[in-house]
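Two complexes are shown next, each including chain A; its partner changes from chain B in the first to chain C in the second.
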Partner chain A sequence: MTAATFARAEADPRRLFKALASQEALLAIAVIGLAIVVGLDNPRFLATRNLSDVLLGNAYIAVAAVGMSMVIVSGNIDISVGSLIGVLATLSGTLAVDGAPIAITWLAPLVVGILVMGLQGVVIAYLRIPAIVVTLGMLSILKGGLISVTGGKWITDLPDSFHLADIELFNILPMPVFLMIVATILAAWWMRYSARGRAIYAVGGNAEAARLVGISQRRTVVMVFALHGFFAGIAALLYATQLRVIQSTVPPNLELTIITASVVGGVSILGGVGTVIGSTLAAILIAEIASALVFVNVSPYWIRAVQGVLILVTVIADILRRRRMAGA
Partner chain B sequence: MASATIASATPVLSVRNIEKSFPGVRALSGVSFDVAEGEAHALLGENGAGKSTLIKIVSGVFPPDRGEVIVDGKAVHLERPDDARRVGIATIYQELLLFPELTVAENIFMGHAPRGGFGRVDWRAMREKTKELLASLEIHDLDPDRVVGALSVGNRQRVEILRALSHEARILIMDEPTAALTEYDVRRLFDIVRKLKARGVAVIYISHKLDEIFAIADRVTVLRDGAHVATKRVAETDSAELVQLMVGRKIESLFPKITVPIGEPVLEVKDLVRRPLTKGVSLTVRAGEIVGLAGLVGSGRSELAQTIFGVTPAEGGEIKIRGKKVDIRSPGQARTLGIAYVPEDRGAQGLVRPMTVRENFSLAALGKVAFGGFIDRALERKLAGDGVKRFSVKTSSLEQVAGKLSGGNQQKIVLGKWLANQPKLLILDEPTRGIDVGAKAEIHRLMGELAAQGLAILMISSELPEVLGMSDRVLVMREGRIVAEFTREQATQEAAGAAMMGGQGVEQAA
Partner chain C sequence: MSEIPLPQTAKRVAPWWLMRHETMLAAILIVALIILGFLNNRFLTVDNLLNQGRLTTEVGLIALPMTFVIITGGIDLSVGSTVGLCAILLGYSWKNFDFPLPLAIAFSLLVGAAAGFLNGLVITKVKVPPLIMTIATLALYRGLAEGVSQAHSVRGYPEWFYFIGQENLFGVPAQLWLLLIAIIISGVALDRTTFGRTLYAIGNNETAARFSGLPVDRVKLIIYTLSGFMAGLSAFVLVSRVTTTRSDMGIGYELDVIATVVLGGSSIFGGVGTIWGTVVGLAMIQLLKDGLALTGVKGDATIVVIGAVLILSTLVASSLQRRRGGV
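Presenting the complex of A and B:
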């Protein structure tokens, strides 16, 4: 009986439709579709320079969203990542100005990112304090600490060799885009095929069931936050090296933009569902929309409102989907 | 005595031919009973007999499919709890529904506080009325200004009763009110119930503690499998008869337990202690044997299973797996030792709903399909495909989201994922609760097969026919201890039922 059922399922044309209806496919279609529509209105939008600026300027958001997606899939949330990126960027820049070896300036944000996020993971997992509270506290500490230490001064006089974002691989592929693609693909592959990646979905999907099959929720959560810290470190490097100066502030609500990318990318806010491919595509889409607004003469301030609409639409769709699942 | 007047009094509440079905389950099939003014009427039945469904219909939580509820001779439509309140029906559930941060008076008058000018709350009147209510029940040790969260369970329950009275409830439903009470609080509760009866309040009292029914009730109605079995005057019956009415049904030929040679002990437990609900348990389960663990809800059966499985590690005693003494501190360790545990609450503890059938099947056996930390997809698909075939899980594909399957199919996956790990001991907690008859028969068939393959099975079930039909041996647990043991031949509904309830004629286990 079952063998026959499978055979029919494999040949079912609805499977193609289902694959196309996946969040990732919808986002890819939206990214391309939007480019075409805006390009018809204003061809300058499609200029290589504009498109590459959009990607270069926002790759760090996509990289941070990779880690954020893991955190949300595990059933947690992190709102400290925006401030952490600011701190790590300043740390790296300060080291560079002080003449530290370039390798150290690049490595330090990764290590500190892992430590700070890993520590939050420990507090969340072992003291059983909700992630939103722990990371809210960390957000204030990092943001307040950064302003106090730097006095709001920007870092200038950065050595040329520091600018990781300037490197072009094979003279064509800019480092930020390369890192965004590599981070996304490696993370996606790892989450899909590794036993530990599977554990993240299990813990986020049903922590009690995961515990009963011997998957440690605590270790999984700490691991996820440490990884998230690693990706935040890469994001901070890209952010720090994309301009000639490092501001002591990050874009306002950076953490919310990153969370938006994850959620719009199909990561369920309830945990257990989602991929980093989706979140990277969503990060690109959001950046593209922001740029498109300028080209169609709409105030770029509308981007926040657009993000809001995207979030609500995807979250409502996700909740409705879950409810139907629970009802069946 | 109130009981003398029952016959003449017109019933204040009667329910007629109530029927109610949920997807896959017929919860009530034509139940009728009535309560008279000043009467305490007990509802008695095993878990799943339909008591809760019946009181939820009377309290307006959901409407019946068929049948009617009659109050004061008039049929009423109870669509919402508010409708029931308006006709004078109040229900006190096991989980008390109070606001712990608010005071006694505020809780009592939540939603209908006495008002002064401009709609403001008249606090003084509220306090006065609370005092009147307290005085009417001769309660002198409850301060209207105390915060409810600081009260004992018994006192909180009294607040709920007072709240019901503040609505001028004439029919008070109490669902297992003594489950969490101390002896002293039980006596005080009975005092209150007697006072309420004297005031003409009709009390519907749900319990499966027989001594309480004899202490407080005038009549008792017994439900079984959603049907009305009998209504008796308490004065004219005894506990033996009630037990027999509760459990006395013939065992359907649903249970294909194959007789297989019983092998070596797989699990040996000696004087296992884990407070508060495991108080020195000893038992043995052998290869090829199905041991049924019967008992009422709250007797400590699931807690025992979770202690063996390392969810709540033991505080004392000894566990041996295949003759070797082990110290199980976590589920992961139990799994490595070859123990599988299929939990009671499939939704909350078993299935990862958003995951696919394939992912759920491999979850407990990731070590068997993952190499160097990475999952071999082909092997995983084969493992899941085999499970789907073996358990005849009805799913459109392995990539189907497990949460979308029916309850019976979900249960098969939860069971199946453990077998992928090739355990030696299988602990099943209520393996067929809430699934339809067909899926139930299949789970029973599988259990028989697994035992035949030499698996040791410890099955917890609240359905006596299932326990008696499936088990080679039946253990009865009550209040954290094994109180009786029967062989398959000795085990009867009456004997096991009596041991569960703590009635007469209980054979003490060795």
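Presenting the complex of A and C:
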């Protein structure tokens, strides 16, 4: 493409249309549109209290979806993250009740998250076992291990200073929302502009080409999983500190919600494509739908079916779009 | 190949069948049986072993078509959710739609087959990778089960309904006959028919299979449909055994089923696997569960062991394959 055609493309009004039709823009429109539609039906949905509850209660899913998006962009999958978040939240809460310094209770889930996910990355990359087998095995190891060690009991009497999610920056910005925004922007920037971040797309898009330009596929996969563990650690911390109690079990089907957020956010399951801005918007949209169901008198038991349909529609649309682009 | 091929017998130190994955596994199984028998005198009794067979049928029925799926290089993660959906629709159509119970059973089997068919259809027509398609339907089918049932359970089935799950036929648990018939049919289909050989061809090289004129898409559609249908059958046996229907039925079955198939020597990369291996794998997993239970380990800790078994057996299998130059 010459400079002239490039300039013409700049001026093309279709460019604006294209930008609006991006997955991120569509999701943003969906988030706002849904709020308006449900708000017309039931104005209480738009109450500040409800909207902030939706954001605060689900910011941890958006944070975890940032890591999941990196994993999927690299051409892998992880279904152990829900169990890991359960384990890390329990770990952090138990340390807090046992009187460990607050800094330790906040750092421990990050460190353990990086170690567990990094280990899975090593097994996947160096021993060449498919990610689905490794993470399915790890899911049951973590889930079964957690329940047999703790018996699923509730952790109570958490010290007040433990509750990271209660902190409001400048008395207005709640910590979960702050961390969600910071994690999303930093990760999006890093994935777009840094060499290591671009390497994730390269490995997921065309592993052979990535190898030929000198990117180590193995090291990239281990790095991606370690980072995913770091974000899972933050998510676990937000999850553990948002209520006064922690139940030491695995939140049911949390991994599915996180995967849904990433996939619906435009991260292609074929690898190599997608941004974490989309996955964060999708996490908000999914939480909004779950809340909206209650306000339009639909049983919340349907939420998982809605998630399933969302994944299906996005994945099929993604593949059909790629096919059309390849054909054109 | 540039080397002069040596006579095959010269290299072999043991007969071929002794070195096979399944044979080694069967040997381990027998040794484990004897050890557990010594440790606990209640273990090696006919009653206990038959009862273990009863408990393993639900996973076993699904593991057979899963062997087919994994041989083609695919995977089906939605089986546990399909069990939940079929169980709910069996109970719900009987209780709320006033279907006669036999019709309700047929309906739930049909729904199972349809659930599998949808997986197969999107996998073959849209080319969505099986892993992603079945993660999506793992959420969808469980969601439908939860949405339809609103977390209510259905119970109070008539007495005859409990036959398949709780009674004996000729001194053997009724559902074991069902499993036995399914094993024989699957074994023959895999080993002795063009259909079975097509599965290996797809798993070894799908493109080559396509260019050889094999009906790749049709065969895949059949095995995913079969997988859903057998999940429906498993749901029927399960509901009959536990006498109640809940939307959380079958959660985690995908782990047991995939661990069984992989432990039984099927390669997760496709192209390798036998029904005989899956049967031995099934016995191993159930033995492990029962052995752990008898030594006082709780159910939650057993899934830790099964998870570890899944990862380790894949590791061993893939390193053996690599050493043979397979991969």
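Convention: the second predicted complex is superposed on the first by the 325 of 328 C-alpha atoms of A that agree within 3 Å, B and C clash if a C-alpha of one lies under 4 Å from a C-alpha of the other, contacts with A are read in each partner's own complex, and residues count from 1 in each chain.
We take it that contacts are C-beta pairs under 8 Å (C-beta built on N, C-alpha and C of every residue); 3 or more make two chains touch, one makes a residue touch a chain.
The shown structure was predicted, so the numbers you read here are calculated from the model rather than taken from an experiment.
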Which of chain B and chain C A:Leu127 touches, first, second, both or neither: second
Which of chain B and chain C A:Leu312 touches, first, second, both or neither: second
Which superposed partner A:Thr94 touches (first chain B, second chain C, both, neither): neither
Touched partner set for A:Ala202, first chain B, second chain C, both or neither: first
Which of chain B and chain C A:Ile259 touches, first, second, both or neither: second
Touched chain A residues, chain B compared with chain C: C
Contacts of A:Asn42 with chain B and chain C, given as first, second, both or neither: neither
Partner chain in contact with A:Gly144 - chain B first, chain C second, else both or neither: second
Partner chain B, residues of chain A touching it in the complex: 1-3, 5-6, 9-10, 193-196, 198-199, 201-202, 205-206, 208-216, 268, 272-273, 322, 325-326, 328
Residues of chain B touching chain A in the complex: 309, 311, 330-336, 341, 343, 348-355, 359, 363-364, 366-367, 370, 373-375, 377, 385, 388-389, 392-393, 395-398, 401, 403-406, 417
Of all residues in chain A, those that touch chain C in their complex: 77, 79, 123, 127-130, 132-134, 136-141, 143-145, 147-148, 253, 256, 259-260, 263, 269-270, 299, 301-309, 311-312, 315-316, 319-320
Touching residues (chain side chain C, partner chain A) in the complex: 75, 77, 122, 126-129, 131-133, 135-144, 146-147, 149-151, 252, 254-255, 258-259, 262, 268-269, 298, 300-304, 306-308, 310-311, 314-315, 318-319
